[in-house]
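Letters A, B and C mark the chains as written, and numbering starts fresh at 1 in each.
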Amino acid sequence: MEGSDGITELPAEMEWLLAREEIAALLHRYAWHFDRNEPEQIAELFAEDAIIDYGPEFPPIRGRSRIAGAIRPGLQERFAATSHHISNLLVVPAGSHRATGTAYVYAWHRYRDGSPDGYLWGQYRCGFVRDVEGWRIQEMVLAVAGTVDFHRAAMHPIGRRE
Amino acid sequence: MEGSDGITELPAEMEWLLAREEIAALLHRYAWHFDRNEPEQIAELFAEDAIIDYGPEFPPIRGRSRIAGAIRPGLQERFAATSHHISNLLVVPAGSHRATGTAYVYAWHRYRDGSPDGYLWGQYRCGFVRDVEGWRIQEMVLAVAGTVDFHRAAMHPIGRRE
Amino acid sequence: MEGSDGITELPAEMEWLLAREEIAALLHRYAWHFDRNEPEQIAELFAEDAIIDYGPEFPPIRGRSRIAGAIRPGLQERFAATSHHISNLLVVPAGSHRATGTAYVYAWHRYRDGSPDGYLWGQYRCGFVRDVEGWRIQEMVLAVAGTVDFHRAAMHPIGRRE
């Protein structure tokens, strides 16, 4: 399997399996750094023009350079500990340098102020983009199936049929 | 790597990685459509002669054409929201067009009648079959490690050694 | 893609995807056998010189031959049921026969003595080694983000930044 330039190329299916692994790793690193209170390392997972929408009561965070500052207060002051368990990844390629994808998240939160632990069952709905350095998250919307004792009331719904 | 017909073939290990990804996606779509209350789309993930055993107090659902009707009442009338978190996938190939597999499920359920949220920790034990359109679930048995405030009493056990 | 010995070789990226799948399966089998109370089968997943550190109040278990005996009492006498949900796998290759990796675990525990169910949100931090029979776990350290009603007080922390 050699390309027209004589360089050995992987079949497209294999390229795609590798891309899917890198995309999964992005979300796993997101959880890892979130749970370790490392907002700067979270920001590095995103594309320069990324949008994060944890809304609806928060305006979306626009641009990688604003991510660390926007999430630092919550990580630092609200939570004493968190754990974000990512699963159910579905990725859809959109050309060789873009993809969309969804993953489930089950998140546990312990609060600094002694409030009861908060639980969230939700989904990350993402766009991904590949640049010369690898894959990055370009868009992340948090949709929520439900919560228990969570500190936020309004969340984007997952769109369950009535 | 060209096959006897001159068509480039993937090595068997690669075919198997691709199959495993498709099988994982089947279970992730099962959760996705379950949690969005879309019984018709759930049915499409199954083979025509599929069997689902949520038992033991329910008789198995036999045949794809009966799946949507069998699960619609629960999705529609019992649950206000659910979230099914799939993990721990183990797949065993059985030839090129069949496989068996197990996955864990952690499921959260909110009830329409205001009962306390129900929690389930279990396993899907599945058979998979590949036809011209791709992989399908042919058999699904729900085995359960335990529950809290779940609306069902008897479940197939996971077989923990006494 | 033939190697210098004329045997068809997989590209390195593909070898690595296969290795990653085998490593994931090791952790999924660990959960499977733990939750079925099968300590002998757990031991078989580890290298002969393996170290497991569930500490800090327990000394590390050193050597595969000591694993089953060390974990059997807890599985047999303390727990009536457990479910270990593994996710967030990140694997880093270290040559062709070694790797390090982390995975998240969400674990539910039902106690024989009727204590309230115990919950744990944590991480397995592992070293893996490949011998002629395949990949094995060589090192496993349990780090914990938090617990609710768990029977142990002191656990290795995940290293959240203050």
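Things worth noting here:
Methods note: contacts are C-beta pairs under 8 Å (C-beta built on N, C-alpha and C of every residue); 3 or more make two chains touch, one makes a residue touch a chain.
In this text the structure is predicted, and so the values were computed from the model without any measurement.
If you sketch which chains touch which, every chain touches every other chain without exception.
Taking shared numbers over all numbers used, the chain B to chain C interface scores under half, which places it in the different class.
If you average the CA atoms of chain B and of chain C, the two centres end up 25 Å from each other. For chain C, the set of residues touching two or more other chains reads 1, 14, 17, 85, 87, 106.
Those residues of chain C lying in contact with chain A across their complex are 1, 11, 13-14, 17, 20, 85, 87-90, 102, 104, 106, 121-122, 145-146, 148, 158-162. Within the complex formed with chain C, the chain A residues making contact are 1, 8, 10, 14, 17-18, 21, 24-25, 28-29, 31-32, 35-38, 81-87, 106, 108, 110, 117.
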